[in-house]
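Okay, so chain A shows up in both of these, paired with chain B first and chain C after.
For the complex of A and B:
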């Protein structure tokens, strides 16, 4: 039982990272109906900003993280302005392909910076562990989960109650009508990318503060956020969170139990498990657990 | 007052849709704009409110003046802020939003609290108050039209452009919409009404314009248009046309309009 809870807790920690990344995807999808494949690169960029601020400029961790989030948001906005704004009105498929290109370009810059040694950000008292009923959790993980909760609540409030949040949702539903209400669609797109970049930077900072840090292959973990958003529903904030956490937990559980329970599935099945879950969800609820069903009057 | 002079609009750089349209909407009036499909009515409205970009269109000549200020180079947001609102063809409510959220989006350009403006709209459309928490996409067609109009009114436009508000509605609902347009006008909003339902539009308008092939071909007080023989034939229908196939050859559009 303890082992089970322990692996759920581990999964929730890793899942928080997926959730933050998934939120970034959802943000851009909601505003522009584009699935942005640039999230992995934005995550790496955010982690490297945090590294630079804390290691090179020797700022405290939290200050470095805030600056990294701002820098990540700025990166997102620049990417939107340079690569996507000129393509407004073009098919979303084209835009999605462009984001793949952006991802590659950003990662080439990032890899130059990373070099051969992985970049690790030190979390304050990161090695300190808490123990409760036989479950241990590191302070870094606790911090991650707390930051995730705060971020999610803030975003949910933003979308429900603020003018800008409402304008973003309106733009997602119908661009022309949104424009007719006086909403500046360009500003909304920039805002969406800024938020996505900021979220990716939070995730990146915590990845960099993990045991492995950021090396040239780290970006792959950001792809786990894809099954997360499909499980949760492409356009749903709570869905992204639940999806992200579900992917983290299922991964951790498979990693601890599958080798004993179902060894015939082979090694490293935990990497595949999120996608298996995604298929299952797609079969039962094609628009995701929390995705919006299309509103249609019959 | 809204003045359009010699407006020329081109889509995709080559398709000339408006060829020198001029019209005038006096303050406090209702002006009807009639025309068959493809005459350029919707294009004209898009040009007025800065929505041509989305459709790859551009104004190549002419100007639009709102109270003497040229607005044809402004973006949509600035135009709405300056007091020119539009209800798009086909209602276009945000279907996944609640009624109230739709109205709040309508107030995007306004500073400060929207509560009193929303209340005013609810007074004009009491049925919307009953449905305030409902999903807009599930409202009836007439209610959606009211919501679309209410959403535009939240921004407190000086001039309101209505694109086919009677589209796809039952005659009884059309009557209701008509009364509402009159009431909106009486509350001080100037209205430019684009309609296929010519008799409805001319019955409440003071002045009417007829567009064909991207040009204004006729421009008269509404009462005169209602009495005009050609208008009756082509837009109102008087039932005595083409009663046999032999007469059909007489039914052709006039090459030139004398006005």
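For the complex of A and C:
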């Protein structure tokens, strides 16, 4: 039982990273109806900004993180302005492929920066562990979960109570009508990408603050947020959080139990377990757990 | 001569005017097209005697990849079902070919069957997998489908890595099947019908014939009733269903056909490459194939071929560029601003973005523009 709770807690920690990334995907999807495959690159970029600010400029961790979030948001906005704004009105498939191109290009530059040694950000007192009823959790994980909660609550409040949040909701509902009400849709697109870039930077910072840090293969974990958004529903903010956490927990549980229970699935099955879960959910609910069903009109 | 008589049609001196639907849909509907296609095929058969062996190998792989690209174009270009899972089907074909045609005494499973069994079988196995994916595609649309096919690549990657008996496992890999066509070894050197042919020349000629067969097959699928149903599904699936196109049937057909092309192309490609390992069939391969059809031209067969040849020779091209740019190092290690491999990857990315923004119809679109310019010359404006 203790082992079970321990792996759930570990899963929630990792799931927070997926939830942050998934929120970024959902932000962009709701505003522009595009799935951004550039999110892995934005996450790596965010982590590397944090590394640069804390290690090269020797700023404290939290200051470095805030600066990294701002830099990540700026990167997101630049990407949107240069590569996606000219394509407004083109098929969403085209836009999605363009984000793949952006991802490839950005990651090459990131890999140049990373080099052969993985880049690790030091979390203040990162090695210290708390223990409660035999369950241990590192301070870094605790900080990550706290930051995720704060971010999600802040985003929810932003959408509910600010003018910009209202404008974003209106744009997500109907772009032309939103334009007719005087909302500058281009600015909303930029804002959505900025939020997504910032969220990716938070996730990246905590990935870099983990034990493995960021190396040239780290980007692949950002793709696990894709099953998360599919499970939750592409256009649902709570769905992204639930989906992200679910993916993290499933991954941790598979890692601890699958080698004993189902060894025939092979080594490291936990790495692909989120995708298997995604197939299962989609067979039962094609629009995810919280997604809105598309209404067909001819 | 009577053959020629029946082929000449339409109104005298007006090759573009047709008097029936069948005439309009013929493969090579103008004399200019007939002549240029004939000339291209003639030049292609002459290439092995003009180019060096290393260049020939690049082109051989490009020709085989073209078949895979035509397959992806059938499902994504013609039928409009975005698939990021092409690498999975290519891998499935490659391993079916390798297992059926591989060395029976090797460290991994192999049955040593002849090519006329393993080549079609690899297509059939991939097509069966496509049939399994089809029903999911029926339930999902657009980007949901893209992500699910992405998941397929990751699951496939896992399966390939873990089936060590079949694939050799990551980092080790296995050999592809032997290239023997009806007792005729493509890896051998010697005279064929009185002409001295080396290994690369034989492989190139075989790949060329292979491509011609599958290109005609692909073009025939696209211009027949099936192809029109695909286009209807792509343009508006609800409207297609209303006019009587069976969505389930045609979506599953699109996936099965595309996977068949991917399977045979995968089996032959990695037979020519030689040793390959499971890590090859990752997301990057899927993106490369998407790049081929986007750069070449969506929903065109000739575009698929142009795109595939271009993308497979991109490594070679970036190597040539590196010779003229002192800040690009030609070795994998550090030094210089970029390495050749990084330059190649950046070219991919930039070409995809650039083509989609500036020339969405791809190389085929550029060709159309050039053609139309000269067609109306000197009154081209």
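Everything that follows uses one rule, which is that the second predicted complex is superposed on the first by the 293 of 298 C-alpha atoms of A that agree within 3 Å, B and C clash if a C-alpha of one lies under 4 Å from a C-alpha of the other, contacts with A are read in each partner's own complex, and residues count from 1 in each chain.
Following the convention adopted for this analysis, a contact is a pair of C-beta atoms (placed from the backbone, for glycine too) under 8 Å apart; a residue touches a chain by one contact, two chains touch by 3 or more.
Because the structure is a prediction, the values reported are computed rather than measured.
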Could you tell me if A:57 is touching chain B, chain C, both of them or neither one (first, second, both, neither)? neither
What is the contact status of A:163 with respect to chain B (first) and chain C (second): first, second, both, or neither? first
Does chain B (first) or chain C (second) touch A:4, or do both, or does neither? neither
Kindly classify A:292 by the partners it touches after superposition: chain B alone (first), chain C alone (second), both, or neither? first
Partner touching more residues of chain A, chain B vs chain C, is chain C
Output check: A:113 vs chain B and chain C. Expected answer is one of first, second, both, neither. What do you get? neither
So, does A:89 touch the first partner chain B, the second partner chain C, both, or neither? first
Taking the superposition on A as described, I'd like to know which of chain B and chain C A:268 touches: first, second, both or neither. second
Which partner chains sit in contact with A:130 here, chain B, chain C, both or neither? Use first/second/both/neither. neither
For chain A, give the residues common to its interface with chain B and its interface with chain C. 296-297
Over in the complex, which chain B residues touch chain A? Could you list them? 49-51, 53-54, 56, 75-77, 79-81, 85-86, 88, 92, 94-97, 101, 104-106, 108-109, 135, 137-138, 151-152, 155
Inside the complex, what are the residues of chain A that reach chain C? 34-35, 83, 86-87, 90, 92-94, 96-98, 100-105, 108, 111-112, 115, 223, 226-227, 229-230, 234, 265-269, 271-272, 275-276, 278-279, 282-283, 286-287, 294, 296-298
Which residues of chain C touch chain A in the complex? 82, 136, 139-144, 146-148, 150-152, 154-155, 157-159, 161-162, 236, 238-239, 242, 283, 287, 290, 294, 334, 338, 342, 345-346, 348-353, 356-357, 360
Which residues, counting only chain A, touch chain B once they are in their complex? 89, 163, 166-167, 169-170, 173-184, 292, 295-297
